[in-house]
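Chain lettering (A, B and C) follows the sequence in which the chains are written, and residue indices restart at 1 in each chain.
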Amino acid sequence: MIRDITIGQYYPAESPIHRLDPRVKIVCTLLFLVSLFIQNSLPGYVIATIFLGCVISMSRVPVKYIVKGLKPIVILLMFTVVMNLFLTRGGDTLVHFWIFTITEEGLRTSVFMAVRLIYLVMGSSIMTFTTSPNGLTDGLEKLLRPLNKINVPVHEVAMMMSIALRFIPILLEETDKIMKAQIARGADFESGNIIQRAKAMTPILVPLFVSAFRRANDLAMAMEARCYNGGEGRTKMKPLRYKAQDRWAYVITVIYMIVIFAVGRFVPFKLWIF
Amino acid sequence: MSIALEHVNYVYSPGTAYEKHALKDVSLEIAQGQFVGIIGHTGSGKSTLIQHLNGLMKATSGKVLYDGQNIYDEGYDMKRLRSQVGLVFQYPEYQLFEEDVLRDVCFGPKNQGLSAEECEKCAREALDLVGFPEKYYRQSPFELSGGQKRRVAIAGILAMHPKVLVLDEPTAGLDPKGRDEILDQIEHLHRETGMTVILVSHSMEDIANYVERIIVMNRGEKMLDGVPKEVFSHYKELEKVGLAAPQVTYVMHDLKERGFQVSTDATTIGEAADEIMRSFHD
Amino acid sequence: MKMIHAEKLVYEYDKRDEEGNVIGTNRAIDGVDIDVPQGSFVAVLGHNGSGKSTLAKHMNAILVPTGGTMWVDGRDTRDPAELWNVRQTAGMVFQNPDNQIIGTVVEEDVGFGPENLGVPTDEIWKRVEDSLRSVGMLEYRKSSPNKLSGGQKQRVAIAGVIAMEPKCIVLDEPTAMLDPNGRREVIRAVEKLRKEKNVTVILITHYMEEVIDADQVFVMDDGHIVMHGTPREIFSRVDELKSYRMDVPQVTMLAEELRKRGLDLPRGILRREELVEALCRLR
C-alpha cells in the first residue's frame, strides 16, 4: 500500500534523458509546467501530449511507473474535476438535474484542468525518475548558487533535500512496519470519526518520530566520521558541465515553448466544445 | 486451536517489475501447544509466512485455517484472530510509544475493550511472565536497556492472552547473555502457559536447544519439516541454501568419519558430550 | 609503530533527571589503556552497554576523552587542528546499515568521503571503482542502496570508508543487524581488505566466531578492559567470559564440557578441526 508511492523515486536506466545535465532537466521541466498554463486549447494540449510522449518514450521509464505516480493525486484530481464540472458556468447547459448543472464551459474547464494536473505530475515525475536525487540537488545547488551572495545556505539546503529523498522510502517502509505491529496489538486505524482516527495515529507517530530522530543522529555521526564539513573545500565526483546534448535539449524545449504558445494562441482549431 | 495453511501462495506487487513469489504452495499444520522453530535466511519467506498466521497479509491463493475455520471466510472476526495469534515483530521495541511501561503493555487489552482495571491486571501478569521487574513499571519505555525494552514489547502481546505466540527474531541485536535470557524466558513461558510458540530465527544453534519441531523455509517454499535431529541430518542440503546445522552436528559427523562409534544426530552441546563420552567408555 | 594508543582513557557524561538538570556523571569509559600496532587485527568484545561503542567513537574523534589521552597514528584526538586528519586516518563503519549511507546511488555514496576531502574528480572515480571492487560490490555501483541486502549495504559502507584511504578501519558492530549470510559477507570483505591493503582493523562485536582470527582480543565490561589476550587465551577462560555476559563458540563450549567430564583436552580450542584432532589423539 504505502510502498506504492513512486513520486520522487529514481528509476535507474540508460537513456538520453537520464544522461542530460540535471540543470537542463530542472529548467526544461519548469518550462514545460509553464507551457501548460500559457495556453488552454485543444491544439496546445495536443502538442504538449506529443512532447511529453516523446520524452517519456526516450526516457525508457515504463509508462506504468509514471501512471502509478499519479495515485497520490487521485483525490485532488477528482476534487478539482468535480468542482470545475459543477461550479463553472458558461455556454449551453448540457445536463441539469436537481441542483446540479453541467455547462459546456464546466465540462471544458474540468477536462482541461484534469489533463493539466496529470501532465504537471507526469512532467515532474519524469524529471525525478530520470535524475538521481543527488543529481537533482547538485543541479539545484548550482542553479541557485547566485543566492549564496545574499547569504542563502544553498549547499546546506541541497544536502538536506538529498538526505530527505534518501530517507523517504526508508521511513515509509518503517511506517508500514509500525502500523502492522500496532494492528497486531489490536489497534484500529479504519473506524471511528476523524478525531478518533487522529488519536489512533499516536501509536504510529510516536515510534516513527523516535526512529526518525535516532536515524538523524546516526546519520549526522556517519557524515562527520566521513569528514563532512559543509560545502567548503569539497570537490565533486560528478561535476556538472554542459555538453552538446544539453544545449540541444535547451534548444528543443525553447522551440517547443514557441510552438505551443503560437499554436495555442493562433490556431483556432476546435472539436465540439474543446 | 491448531493453525493450518493449505496451499498458500503469496505474490508481491503482481504484474509489476517487482513481482515476487514470496510463498509457493505452502501447506503445514501446527497443533496447539507445540514449540516450533521456523528457519530461513532473509528473503526465504519466513516473515511473510508468519504475517499470514494472524491475517496481516492475505494469501493470493490458498487457505489459512485457525481452529478449523478459514480466516478468509466472509464475516470472520479478524480482530479476535489477532488477539488469539499474538505476533511479536522483529525489533519490537520500536513500536513502544506510551509514557510508561505499564501503560504501553495495556494498549493491547485496551483495544480488546477491557476495563481499565482489567487492562492493568493483564498487563501486570504479562510483565511478570516475561520477568520484568516491578520497580520499572512506571518508567518510560524509551529509557530501558535493549533487552528490557524487548521484554516490554513481548509483554504487550502476552497481555492480550493469545493462544499462539509468534516471535520474529526475538534475539536480533542482543548480546549473548541477553539472547539466552530471552530464549529461556520464552521456554519458561511455553512451559507455564502451554501456549503454542512459533519462533522465527536464522540461527540454528539458538533454535536447536529449545524447539521440538523445525520448519525450514527456502525461496518461499517449505524445504524441510521435522524434529531437529531429522532436519539437521540434511545438513548438506541446508548448506547448499546458505544455512548450516549447529556446529556440534558437524563435529559429530567429522568424528564418525574418523572412526568414532558415535551417532550423528546430536544437536546440542549436552547431547554431543554424552555421545562422545559414551564412545570413550565403550 | 602504534596505530591506536590510549592511556588512562576516561569518558564521562552528565546524568540528567527528567527536567534535564544534571544530577551526576556516568563513566562510560574508565581508565582504558589500549595499544594497537599498525597492520594488526584487533577485536573488542563486550555486552551491550559495556562501553565498547563509546571506545570505538574515540578512535576517530566522534567523541574526545574527558580524561587521559587517545592518539591515532600519533595524533592527539583532542587537538582541533588534527580533527580531520584523525578522521581520515581512522575510518569508521557503524552498526545500522541504513543510517550511514548518505548517497542515493551506491557509487555516489562511496564518493562522498573523497568529495569531502577535496580529492580531484578523476581520482574520486578511480578510488570509487577500486574500493567497490575490493568489497565485491562493483556490479551494484548504479543501484539504489534501498534495493540491497543488509550485508551488501554494509559492504558499501566499508567501501565508502576505504575510498578515503584510511590507515585504519574501526568497525562498530557491523554485523549486529545482519543475518548469518550477511555476517559472513562482511567478515570476508574485511579479511580481504586486511590482506590486500594492509590496513589496521579494529572490530567491535559480540559474535565470538568473528574474533577467532584476531591478533589480540580485548573484553570490556562496565567501561573497563577486563580481559586481554589472543583469542585462544581469551576463549580458554570460559567461565570468566560468561560472567561478562559473553559466550564462546559452540565448539569451544563442547570441548570445555568434555574437559569437565574428565577428558584431557587442551584449553582454548577454537575450530572444529582442532577438536576432532584432539579427540582422535586421545583415543
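Methods note: a contact is a pair of C-beta atoms (placed from the backbone, for glycine too) under 8 Å apart; a residue touches a chain by one contact, two chains touch by 3 or more.
Please read these numbers as outputs of a predicted model, since none were measured by experiment.
> Give the label of the chain whose average Cα location is farthest from that of chain B.
A
> Quick check: more C-beta contact pairs in B-C or A-B?
It is B-C, judged by the count of C-beta pairs in contact.
> Where the CA atoms of chain A average out and where those of chain B average out, how many Å apart are those spots?
That gives a centre separation of 42 Å.
> How many angstrom lie between the CA centroids of chain B and chain C, rounded to a whole number?
Here chain B and chain C have centroids separated by 30 Å.
> Please give the residue numbers of chain B that touch chain A in the complex, ascending.
By the definition above, chain B touches chain A via 16-17, 51, 54, 56, 79, 82-83, 86-87, 89, 92, 94-97, 107-108, 111-112, 142, 156-157, 160.
> Using the touch rule from the top, collect the residues of chain B that touch chain C in their complex.
Residues 41-43, 145-147, 172-178, 180, 202-203, 205, 242-244, 246-248, 250-251, 254-255, 258, 260, 269-270, 272-273, 276-277, 280.
> In the complex of these two chains, what residues of chain C are touching chain A?
Interface residues on the chain C side: 57, 60, 62, 84, 87-88, 91-92, 94, 96, 98-105, 107-108, 111-121, 124-125, 128, 142-146, 160-161, 164.
> Enumerate the contact residues on chain C facing chain B in the complex.
It is residues 47-49, 149-150, 176-177, 179-182, 206, 208, 242, 245-247, 249-251, 253-254, 257-258, 261, 263, 272-273, 275-276, 279-280, 282-283 of chain C that touch chain B.
> Over in the complex, which chain A residues touch chain B? Could you list them?
Spelled out, the residues of chain A in touch with chain B are 62, 64, 174, 177-178, 180-188, 202-203, 206-207, 210-211.
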